[in-house]
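So, here's a batch of structures to check.
Both complexes below contain chain A, partnered by chain B and then by chain C.
== the complex of A and B ==
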């Protein structure tokens, strides 16, 4: 969009070059003005449509097809079977339905615990680092490092720590502290759930820390001074000043963390090398494995759509409840 | 405000525990990268029996690490630059114009970020494969396909953060530029972008990190030729030997650039998050 920079006076500068200056100055700008934002948005919209919206619609369509290995090469031949995939995968009496339900509970427990601990560590770090002291900048950088690491590098390192015979965890627990007599397996069996949880908290808590730190910068110092003059101790200040001021940040942070961990694929995929034990069979891994093991993309899509619907309902309910509470407080 | 003794000790304990939690895995990564192979095959040791840089040399030949590295570099850089370019225009529109669909756009874009990746994976996989068969445009198992996919992954958050940044730039500057005869695009490039450089740089690094660390799509959408680090690094665990020392060395090498970039720019992330949250 070329503009004239040589126009000598204000009147002539108003209309842009390329649009002949006729009639009232404002008129010709009207339609252009209203089109411009859409042009600016177009690349983003096209990309979002191509990579997110259209595949999502296709995914819903796929979930209604018998898209098994026989039809995957040419999916126009896949028969339309309506809701049959949903009935088959969500039927809680069938083996597949039971496995899916199990995976759902594992994922729910994993998300809630992971979000809870990540938030707890994040708020602790943000509060103790609120006031300046020597070494604060170094600690802040250090605490952010797990989040800055590429997820696979972080998780591979943890899988080394958790090896039964060569890992640090068993070395400390069994050899150095003598807390346990046998070397437990951490990456298979019941322990695998807790391993996964620790790795996820290690990786996610810095994000909570970063957001809460940003939120704390908006809390005016006078509030703390006023609270201190009133004789409020540490916990009182935390409860009456810090947490209420962080409420808007927390609302978004908790939801985002929940959705991320509920959809988490990377952590279990790298930690267990592609095949998660059933105790740590998160839903994304479950869908991935059942889709690519049997090449039954139809039922894989049905499970994905069901997952999406569940998350939409949860998010909507969460936003409704928290918004209503905010209105009450206001 | 004076700190009580209890608060001081509480702070020290919390900081010590958090530091230990964060540092121990990092320490193991760094020291194990300097261990000879027998050290990582037998019981764990806190310190290499004989510190060596050999893993940093061997890691290039055990797996084709250089190829994975180049693939990751190409994919992540192009995806990051394109993503930021697209995000700048979108954020400018959202920040400076009131138009119909503005709210819908913001909500839709942000919510796609929250949808399960697995939901896009199966259809996108089939679309790429079928598009390749039908038109010859190779998106499956190509770097182009990965670039297009990844650039949309960082787009929502980039737009959101840039809107926050742009909103914090006083509109008076725009108006002054317009009085001087600048059109919208010149206002964007000569007034707004120069004032938002830290935000743009932070968003670029974020987009790069997103692509650099992505695992799910990389594991399905690549073949041996287009494989990125996210999948390639798992090649060190062969059936006979797990080269933990080389894995740690490679992890360290691929982590350093993104960690340094992120930490150098962390305060701009904080500023961007603050700007976004204020709204």
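== the complex of A and C ==
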């Protein structure tokens, strides 16, 4: 199965010159394993436990407690209520459940659009800057600026730009260009979603650009030459050489971008100041509001755990599908 | 599952896991017995200004007692979260300023030192303290969780020149008048009333006052929320209608959460403002004291049955001591120092608030119009916000519902009894 199917572009690939049998070369290993590898791993494992695993387990435990302000000082006094927090927050007939679902859809749309645009911009810029030309280094550095800026400083600048009366965006659109008669709101109402999306794409695309640019460095020039000799135009080369060669990079890039965007807290928090308008009520902000602002950490944790499960399923499905396809292609 | 699968899968789990890992962490202050950490609230024009104002007083305290106080001024947007984190972790400051409306909520965490008779005696005695202010320092029937530090109340600030230009001779005493005057004043790019529409706390404070005037309550006697009663719906609608129906408030105010409404008033973009002790803030924005007048907050012209004559909450800042402090005596002596006549006079004079102790009230600094108005309101027509543990949740939920209603009003969506009621019902459902 693995070798029977042939990708349409496979015949155009370079034969793997002198590549040995597949799989890494294994060193002969003695009967007694050395302790050293484990010692070297230990710091990473300890940190991993302390930073990720233990807080996650605590989070799951919190979701089973009625952890309100009465018990926050001493968790052992918080009543164990089993799945009650889940029932309350995921009950789609209640106000809280409806809001969570709404927030979920908003976040999903936001993530897909943000990742899509960020990737599109990233790949465009990476392809354009692939060949050396005068000023390429400057452009590269310039493109990376949003990624290098501290989140808080960058996003708060956006929030100033987007203010209705004093913001630069309306100043340009309304006062200077005269495109609109009325000053629109960018940070409340329906527009707030698009404002958030623009800021998010602006912040994320340089990362896509960086990864894809690095990926492109590994594409051998001969492939393009061969493609050019075969008469392939720009689009054909992009489709048949660039994108297939970038596939491993894209696999990880898209997943990581999706997870980051889905969990993005800083952008909406700084842009809207703690309580986002409902049109842009991302799930991370929603959870923050449900736990910190209303002092109900149990239900906040329940939402987080539910979200964790969702992201796990999405990530696992994504990896399974993409890996199966790769195995098919191999 | 291959090793690669496993690797990527693990990475995915860990990336996703960072979501659940949201826990508060307090500042770890390795407080030596001779050092106290003090979180001050932002009372002056900026965090830096507050530090400059407080430092000489703290130095004085160090000279008197040998205890060094290291102060951090915490912005309002962070203060409650930080206090909550400190309460949860048992680490952090020894002495803190809290908004007095949070007293009962923070009291319920059990993290604050109770000011029973002995503790009150240690900070100078209960009798010195203004009773209304002490009533806003914890749940009724329990020892207070804090000691009042600065007292404030809402007043109506109005721009004298704008009023004169519009031919208005006296400040409004009823909301109907305020709307009528506001319409006269809303011309030529200027507006009648400035509102901090995106600030949940500000909104909730007005929700309280308006509800009282309409005969409503936010919690019943058993402490259960009663958010969506007809009285509360009318109260909230009255307030939102300044923007939605009367159109005397610039729709932009629906975005305001960083005291832009005070700036608009100081710059003459809005002619009226409802605020607590705005004087010192206006001064730093170059609005001279003779440019504006200060009057009591208006009432309804014909209050419905059950309507109360309340036009402000008992606003103020309290000082609390965390139980986890390693130097409780030192902390209490610091509270005593800050509530002493001398410090009360110095600090309240600077901040434009009123002393929380009776003995300092006679200072001539507190007889200016603004302070007189605040004083009169506090004595006659102010009421404390409900001192129930859920108070801070009420501020967040109802304040946010109002923020959304302002957003609706600003973007031209109708604000009706039904839409207000729906928001309040939603908010109530989120209480548990």
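One rule holds in what follows: the second predicted complex is superposed on the first by the 297 of 330 C-alpha atoms of A that agree within 3 Å, B and C clash if a C-alpha of one lies under 4 Å from a C-alpha of the other, contacts with A are read in each partner's own complex, and residues count from 1 in each chain.
Everything below uses one rule, namely that a contact is a pair of C-beta atoms (placed from the backbone, for glycine too) under 8 Å apart; a residue touches a chain by one contact, two chains touch by 3 or more.
Note that the coordinates shown come from a computational prediction; the quantities given were computed from them, not determined experimentally.
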| item | value |
| --- | --- |
| Broader residue contact with chain A after superposition on the shared chain, chain B or chain C | B |
| Contacts of A:282 with chain B and chain C, given as first, second, both or neither | neither |
| Which superposed partner A:115 touches (first chain B, second chain C, both, neither) | neither |
| Partner chain(s) touched by A:305 [first = chain B, second = chain C, both, neither] | both |
| Partner chain(s) touched by A:58 [first = chain B, second = chain C, both, neither] | both |
| Chain B versus chain C as contact partner of A:165, first or second or both or neither | both |
| Touching partner for A:316 - first (chain B), second (chain C), both, neither | second |
| Partner chain in contact with A:291 - chain B first, chain C second, else both or neither | both |
| First, second, both or neither for A:123, with chain B first and chain C second | neither |
| First (chain B), second (chain C), both or neither touched by A:106 | neither |
| Intersection of the chain A residues that touch chain B with those that touch chain C | 48, 51-53, 55-56, 58-59, 72, 163, 165, 252, 256, 259, 263, 273-274, 284, 287-288, 291-292, 300-301, 304-305, 307-308, 311, 315 |
| Interface residues, chain C side, partner chain A - complex | 2, 4-5, 8-9, 12-24, 77, 81, 84, 87-88, 90, 105-106, 108-111, 198, 200, 250-252, 254-255, 257-258, 389, 392-393, 396-397, 400, 403-404, 407, 410-411, 425-426, 429-432 |
| Chain A - residues contacting chain B, complex | 1, 3-5, 7, 10, 13, 16, 34, 36-38, 40-41, 43-45, 47-48, 50-56, 58-59, 62, 72, 75, 121, 124-125, 128, 131, 139-154, 156-158, 160-161, 163, 165-168, 170-171, 175, 202, 210-211, 213-215, 217-218, 224-225, 228, 233-234, 248-249, 252, 256, 259, 262-263, 265-266, 269-270, 273-274, 283-284, 287-288, 291-292, 297, 300-301, 304-305, 307-308, 311, 315 |
| Contacting residues of chain A [partner chain C, same complex] | 48, 51-53, 55-56, 58-60, 68-70, 72-74, 88, 94-96, 99, 163-165, 185, 187-190, 252, 255-256, 259-260, 263, 273-275, 277-278, 284, 287-296, 299-301, 304-305, 307-308, 311-312, 315-316, 319-320, 323 |
| Of all residues in chain B, those that touch chain A in their complex | 1, 3-4, 6-7, 10-11, 14-15, 18-19, 21-26, 28-29, 32, 40-44, 86-87, 89-90, 92-94, 97, 99, 102, 105, 108-109, 112, 114-124, 126-127, 130, 148-149, 151-152, 155, 159, 179-186, 209, 212-213, 215-216, 219-220, 229-230, 233-234, 237, 244, 247-248, 251-252, 254-255, 258-259, 262-263, 266, 269-271, 273-274, 277-278 |
